[in-house]
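The two complexes that follow have subunit A in common; it is paired with subunit B in the first and with subunit C in the second.
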Partner chain A sequence: MPTAARTYWLTTSCRIRRKDQSLLIERDHGEHVRIPITDVRDLIACKPVDVNTSVISLLNQHHINVHLLGYYGDYTGSLTAADTATSGETVIAQVALATDPERAMPIARDIVRATAFNVRRIIDRTLLKAPYTVLKNNTEDAPDAASLMGIEGNFRRSAWEVLDTKLPDWLQLHGRSRRPPKNAGNAFISYVNGIVYARTVTALRLTPLHTGIAFLHSTMERQRHSLALDMAEMFKPMFSERLLLRMASRNQLKPHHFDVDSNQAMLSDTGRKLVVAAVRDEFATTVNHRELKRPVAYDELLYLEALKVTRACLEGDTYKPFRIWW
Partner chain B sequence: MISEQDVGGVHIKYLYHCPRQLWLFARGFRPEATSATVQLGEAVHDTSYRRAHPVDLGSARLDDLDGNLWVHETKSSSRPSPADEAQAIHYCYRLRLVGVDTQGAILRYPKTRRTQRMPYEPDWDERARTDIANVRTTVAQPLSPPRPARTRCRGCSYFDYCWSQ
Partner chain C sequence: MHVVVVYDTAAERNPQILRTCRLYLHHVQRSVFEGQLSPAQLKRFERAVKDVIDDGYDHVLVYTFPPGAVPQRLAWGITKPEPSDIL
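Presenting the complex of A and B:
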């Protein structure tokens, strides 16, 4: 992942215009900001934005994606630059791997296990020991991806119960709800998950892989980028659950950061800015990489993971899904 | 998989530097051209050589061919390498194939202000043909070539791909 370029977050409604080789971000209230195009890796639009064709063509030239988050903070889609990285040879290998159950199932199983490993690592090692063992055993002879996802669902339910015990009443999830999230805790998780997913799409699009051909999630299903769903899975707890726990315990989240009514909740404007800032800082946090022998930022881990999948497809390497190692 | 005409300067360079790099490149996988090294290479080209006459031979693209038929290449590394030489020989061969009687090549290393003159030698055509054949066999291998010692990988844009687990 390039070091010069980074993710820009648009947290208020704005218009993007083109000024030579720069993007000019115009807000109704507030100063205009000029960003040289070479500084941009991708844009995440948390609020509605206006763009025109000259902006699109500039973004396109520089292979920059704009990810759009919807009203509830869930991922609604992307303006993706023309696909130049995908290589036919790699995609053929990817299809061969994903459609051969003998080879694809172990990968799907490992993704589920790595995800559970990471959830347990973030939420509570002791309390989730038993459910994690159950998951490991049950995944052993799960016949297909659908049953793997069922097993993961059971584990997740235990995890959310444990998570609730560590949260103040008003932030508890009481089970996961999406579209719309039913309460503040769910609104938070949905929002951060959406961002992680969007960033995963960007990471994948830097590789020669096809984002629609997956191992665990059905290929080309629903949101199309099924491979990004597979990959984001392992990283979501590291950002969503972890930040929720941290911000709750530090008392950084307040009821006014959410707009809540009887059966739905979403982040308020100030809440969204707070959360975006927290996620952005978290993405920039670095950890020492054991093999590369240099510090890598958390969001770079997404790209490195995408490279691992590429290697599995192209060279038949065993793919070891991401587990938090520190 | 790859025809003789499709073999270009980059293939030759990678063949010498790391066969694995060549194998990956030929499969259409181009890691982001964002490493500082690549950017430096472009900057060196942009700034150090203004009145150049680039020549496009399809897959091979040379920086400059002067009036006396010398091929000029500007390099961002500080020292000549076998890969640089092989690349120059390849360009001369390709030019001779289309009827340009090159006198040889001049490699420039602005970083260290070195210049390497390589007058044409009769065995070059043979060397160039061998390199092309080697590129084609390397690329055709079903399995990827192993990684060389890690010290060779410095600055390679495939580094993260090859070395992270």
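Presenting the complex of A and C:
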């Protein structure tokens, strides 16, 4: 991302207050903490937060978005800065691109393929080779976005099963379940997915694009930022599945990091802190970018992806969705 | 880059400089601040501090560390939590 500021993560319930033109975090338990406002790029609230008008006007001045995660760690919404970078000209170009099936369908198809490619790359190359080939062939003649998503669902089902074979018993997913996640593995995936989605929204809001007009997901589906859903899709496996596999194999995840009931699960307070720290470090990991010829953080990849979509809209470049190249 | 700021100012200007520093850095001890600043932020910070202090009397020290380098931090005595972006 272009700025030097950082993401701040609120993992306990708190009240955000404005104090001396800067932020004061008042927690129910524990000391109050001041955060230097110029160091904040966005806030991700994993627990309930209270805000008031004066805080919001301060956050507005500094163009800071607050992303809110719900009880089960799913994305519930954002407080976005009032003035956006959205430009009319770009949005018109974006709409033209998204509503023209001749041009939108190849993009949607590519997104599905790139996602599958990344999933396969993260989970298991050999075991997912057959499902991936099937997906590649089927997407060729899929008539619309809905059928593309069906094809992707089939691929995902095999991917989840392969993922289960690499996890200890208590972390296995047994099929993806959401709202609420049924078991510990699902709770972990939901949580990280929510964070990736929130960061994608921040990245998109730095570009002149409209976050609601998408290629694969239907426009403004369930009041979500559909374009963010499209773009987060490629990145989710890189964080969720990969971190789950890594933290399970390193024995970092323990049963006490989750609160598991008979039919639902969520991260416990210690678990949440652990996962948030892991995700933060993962976002800061750098990889050498071939075209830019410099190291970029995973975080910045989200922004670069948003810029690629912008170029596709404005300059008619073919949009090549993100595939893990290393 | 990582920055450590230490100031010694006249008592009547203490609250002002404290407030200025809090906009940019984490307060770690009475007149000590640390945090991450970009070169541009450091310039802005410098201007803000110079507006507040009296050049003939006050003294502000800024230690910067090259990008990527983070100083080893030893804390003795009562331990305060280290400034972190996970709250």
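Basically, the second predicted complex is superposed on the first by the 323 of 326 C-alpha atoms of A that agree within 3 Å, B and C clash if a C-alpha of one lies under 4 Å from a C-alpha of the other, contacts with A are read in each partner's own complex, and residues count from 1 in each chain.
Basically, contacts are C-beta pairs under 8 Å (C-beta built on N, C-alpha and C of every residue); 3 or more make two chains touch, one makes a residue touch a chain.
From a predicted model like this one, the values you see are computed outputs, not experimental measurements.
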Touching partner for A:L292 - first (subunit B), second (subunit C), both, neither: first
Partner chain(s) touched by A:K320 [first = subunit B, second = subunit C, both, neither]: first
Subunit B versus subunit C as contact partner of A:I25, first or second or both or neither: second
Which of subunit B and subunit C A:K166 touches, first, second, both or neither: neither
Partner chain(s) touched by A:T12 [first = subunit B, second = subunit C, both, neither]: second
Partner chain in contact with A:R34 - subunit B first, subunit C second, else both or neither: second
Subunit B versus subunit C as contact partner of A:R224, first or second or both or neither: neither
On subunit A, positions contacted by subunit B and by subunit C: 3-4
Residues on subunit A engaged by subunit B in the complex (per definition of touch): 1-5, 85, 87-90, 206-208, 289-292, 303-304, 307-308, 310-311, 314-315, 320
Contact set on subunit C toward subunit A in their complex: 19, 22-27, 35-38, 40-41, 44, 81, 85-87
List of subunit B residues in touch with subunit A within their complex: 24, 27-32, 34, 36, 143-144, 159-161, 163-165
Contact footprint of subunit C on subunit A as seen in their complex: 3-4, 6-12, 14, 20-22, 25, 27, 31, 33-39, 273, 276-277, 280
